[in-house]
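Look at the two complexes coming up: chain A is in both, with chain B in one and chain C in the other.
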Partner chain A sequence: MSARKSLNDILISWRTSGGIKQTIVDIVSRSKRNSMVVVGLTIIIIIVALALLAPVLPMASPTPTQLNPEDKLMSVSWRHFFGTDELGRDVFSRVLWGARVSLLVATLSILFSLMIGVVLGLTAGFFGGVVDYIITGTIDLFWTFPSFLLALALAATLGPSLENVILAISISYWAGFARLMRGQALTTRERQYVEASRALGAGNLRIMFTHVLPNCMAPLIVWASVGVADAITIESSLTFLGVGTQPPTPSWGYMLNRGMPYLEEAPWITTFPGVILLLTILGFNLLGDGMRDVLDPRMKGLRR
Partner chain B sequence: MTSERKSVVDIRGLRTQFFLQEGTVTALDGVDLTIYENESVGIVGETGCGKSMTAFSILRLVPHPGKITAGSIKFKGVELTKLSSEQMRGIRGRQISMIFQDPSTSLDPVFSIGDQLGEVISLHQNIYDKAALDKKIVQVLKMVRIAAPENVMKQYPHELSGGMKQRVMIALALSCTPSLLIADEPTTALDVTIQAQILNLLKEAVRGVGSSMMLITHNLGVVAETCDRVCIMYAGRIVEEAPTPELFSRPLHPYTAGLLNAFPKLGERKDELTVIKGTVPNLMKPFTGCSFVDRCELASGVCAKTRPSRVEVFPGHFVSCHIYPGGGEQNGVR
Partner chain C sequence: MADLTSYIIRRTILAVPVVILATFIVFLMLYLTPGDPIRAIMPPHASQADLQALREKYGFDQPFLIQYEKFLVRLFHGDLGKSVARGTLNTDVSFLLVEKLPRTLQLMAIGLTISYSIGIPLGVFSALRQNSWKDRGVMVFTLVAYAMPSFWLGILLMSLFSVYLGVLPSEGTVGGFSSIILPALTLGLGNAALTTRMMRSSMLEVMRQDYITQLRSRGLPEREVVLKHALKNAILPVVTVIGLDIGWFVAGAVVVETVFSWPGIGMLITDSIADYDFATVQGCILVLAFFVVFGNLFADILYAIVDPRVRLG
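Now for the complex of A and B:
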């Protein structure tokens, strides 16, 4: 009864708040003047748009049913912007289709780890005591493993598939978000407005989700943005090592792997996926860095 | 006269203690305090004497290692110390509200003023309709004399001045017409010109909604302007309680007299300010006698041995001191 009432309170206060909208408008207006955000976002938007449009663009299929041996290892030309690979498949088309996989895996896995991390970190930081002790212990357990090694071990154990890669990255990546969230919650719960809203009759759930969480959003957004770049790297690395998404699904990591023997003969097979991979990661990192400046409360005075 | 009036809060023998590793700190040591309907009571004392702790005890928000260990707090006949935390939450904000010292940190920086007022109003009054809520928010902001409430509603805390923020805090606290408003040093963080405005507003607004007020301050001037009665606190105890004019004209307790003496008066030449010698005693050590004994110029042997009990020297004027007849007869509460 009481939990349901509190949840209801949260929904109501979200519905009645016009402030979120205003906050978003402010963030957008400040982002426009931050060159890192603009450049990062431009790169991301171009890549995402190309990835989304891949099925309708007039280009060769990334996984043709009929392979023509004469087409193999063709250099950059008007017909094949990025050349063709060792089986005669169009590299440009495969890079775009590969972007779909990489972006999907990265966003989903960061979203999942964000959810796990926020809930656990918020609970630990807000309540403290035994709850904090147990959750922090679990976080540290995961944190001690390098996230790539953990993801590699998990992906290898679970077996290679798209779902398992997402699962592996989520499990190996959430601890960072949880730690960040816990630290933020620890400081925010001591703020006087938390005490004031308690004195005005707010309950734990309400305070956690309407006062503590929104005040911790800035670093979470920054981390999530950089995290997407990280997840793309992990996904590509896993696939490169053969435990990620499986052929015939086009993927950057797989293309890099298969192109290696032809590095001298046909460098375009590896160069183009590599450059696009680099650009995507750069884009997300720039966005993350820029957002840190934009969301910094000390920069708030500079708006308008 | 006072006995006929209905009490809002009736505190008897309240003791709040903090259990630290180094020992037990007795922050409140047998506080007796009654606040009647439509009355403002000032609680005055030095830093650490337990003023704020009295407020937090009433709201049952004593911070972690602290606990209410004895005594009773009756709020309109309901024993607050026995309520569940769920029931207590229903009382906070709706029946008893609090205003904090620093308005700039008491408002959530990520929500607009309207959202924060709306949250409290929808939580306690079940108004969920956006238009009705907005109307109510404007009405509450008008009550605290905010010009252009429709604009202020959309603003964020960092866009308002300190005085405006404190007005918003007052609006927040009074939005649900509580029976008791606790104001914890509401003007300390504001500059002097704003202080008087805020105090007048507070007095008016509290009267307007028919609440009682407990005003916590270390400034006797603030009390003189705002309160009907004053309680002087020292080391976790209330040492003197009197109607405001009475206290200023006839202070009975040596500590009160010392406080009033320490105030420089206008037009009087003084090369050195009068001070009460010594410092506040360590609350970790329990006192057997009067807590003021080490700093009192009139202390005698009995003061260190037995705790003075509360005596009514003049009508409505209570004091706990051995120098008044009857003050030492009862052998302390401890």
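Now for the complex of A and C:
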């Protein structure tokens, strides 16, 4: 009880302090009232927790070295919550280990996209002129080119592996972030506080990272969350098509692909990875949509 | 009319770099593919001199840009190389593409029809009952349908209609028209979610306009206000974003065709990747990319024709 009370005291002192701490408290309290954020975050936390705990949970190995023929295609039971697949491997364990792969690929590729997008977008919007012209042209090219097709082409060319999927998604997804950053940088650089800061002797880099970037945080968070959902979709689709992560790495797309001949005999092979995949994507979409309403009500309805 | 013509010209010029980028990416694909294509076709004990001779014959010894130029010249003549897959050895890639493309177009056309015939009525329904439980129900449906990866939706529909009910064929084209229903439905449902959302917000926007209030105050029945006056204006932005839908449909077609073994461009890609038949993969990617670029171009021009304000931008 006492720990909780002191936490409350801290929160109260933050709420009245003004500045960044008050902003955080504000956002948290508004998020708690937004059902999309709450539901989305709950789903994400559960799946991330299960994925992180996969190595220590008492369950069968996702890629056992010894396969028992009599274990194969077993239905849902206490020993195998999600049944077993065509080789007798535990589907529950493979779904959890698959979550690690999907989440890792998605977060890393969105992180890389974000870095490319932020650097290029900021540079273009902030400096303008020829630099802007060249970068904006590149952004528009990648924006028009369908990202799934580009990712598929890259993944097929580079050869199927975890690293190449991350690379393929990063290269095909950054344009959205860059567009966003450029737009924000263009409007922010005209503000008076930027002028004031320049008068005080602040350099370009300082202005970019202390004034322009923080102003873009809200839409970036929203886009990154939706981006993770998109990246998970792309990753699982690529793996389903056979150009993504390769066996023996457990992966949702691969499980769904291999389970297709057993739809009648053993529907659990495809059902469970499919449901968890859908929930994960839904979770990140809900979080993104909800955060958009929380962080900036004016952005409501911007996404289709 | 002059401004429309100038818009069409400006918009078409904008599409040129994207088309060039597409050819460049596709060329780079073959250039960067791990493994030496010459080593692949020659026996393992071939001498260095023989390898070199063949490299010169096919132009692999030349600088990157020269090779790219040659690639473009061949492309203009419709020559995309020959397939090396076992089933279609030495067939012209362009021939394979011409053979498979109608199947993909067929699938997309029916998918698009399904998507609009679900999305538009559902969006209007939802908007007219804004914030009711029915509206919320529709919104939950769109969230789930949007998050659903198309291959998983395809597998679900396949289990339901082919495996359990046994009413529709699950793969290939043997069932005639009934074969296309499941793949088209899979393709259409995800996009129906987007259409519903668009239609809903567009309808809400229109219903707030003054002329709707004015029509109501004149005593026009609500039914007539909605169907005759509001719908006409609300549907415009939804139908004209068809360009955005095309990107979705191209990505979806690759996956859906693979799930249902529908013999279009999408399945050709996955088969060719599995067979290391990169000339064919190149051709397919190029065709699909062109399709998206020209689809967008077409949609933008269409938009400019219906909405004159766009032409000035």
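We adopt the following convention: the second predicted complex is superposed on the first by the 269 of 304 C-alpha atoms of A that agree within 3 Å, B and C clash if a C-alpha of one lies under 4 Å from a C-alpha of the other, contacts with A are read in each partner's own complex, and residues count from 1 in each chain.
In this text, a contact is a pair of C-beta atoms (placed from the backbone, for glycine too) under 8 Å apart; a residue touches a chain by one contact, two chains touch by 3 or more.
Only a predicted model underlies this, so the values are computations on that prediction, with no experimental measurement involved.
Contacts of A:Phe81 after superposition: neither chain B nor chain C is touched. Residue contacts after overlaying the shared chain place A:Thr210 against chain B, while chain C stays out of touching range. A simple residue count on chain A separates chain B from chain C, and the partner touching more is C. When the shared chain is aligned, chain B comes close enough to touch A:Ala196, but chain C does not. Applying the stated touch rule to the two superposed structures, the chain B and chain C interfaces on chain A have no residue in common. Only residues 2, 9, 12-13, 15-19, 22-23, 191-193, 195-203, 206, 210-211, 214-215, 217, 297, 300 of chain A touch chain B when the two sit together in their complex. Of all residues in chain C, only 17-18, 21-22, 25-26, 28-29, 32-34, 143-144, 146-152, 155-156, 158-159, 163, 194, 197-198, 201, 241, 244, 247, 250-251, 254-255, 258-259, 269-270, 273-274, 278, 281, 285, 288-289, 292-293, 296 touch chain A in the complex they form. By the touch criterion stated above, chain A contacts chain C in their complex at residues 137, 141, 144-146, 148-150, 152-153, 156-159, 229, 233, 236-237, 240-243, 253, 256-257, 259-260, 263-264, 267, 270, 274, 277-278, 281-282, 285-286, 289, 301, 304.
For chain B in complex with chain A, the residues that touch the partner chain are 59, 61, 86, 89-94, 97-98, 100, 102, 105-112, 114-115, 118-120, 122-124, 128, 130, 133, 154, 156, 158, 169, 172-173.
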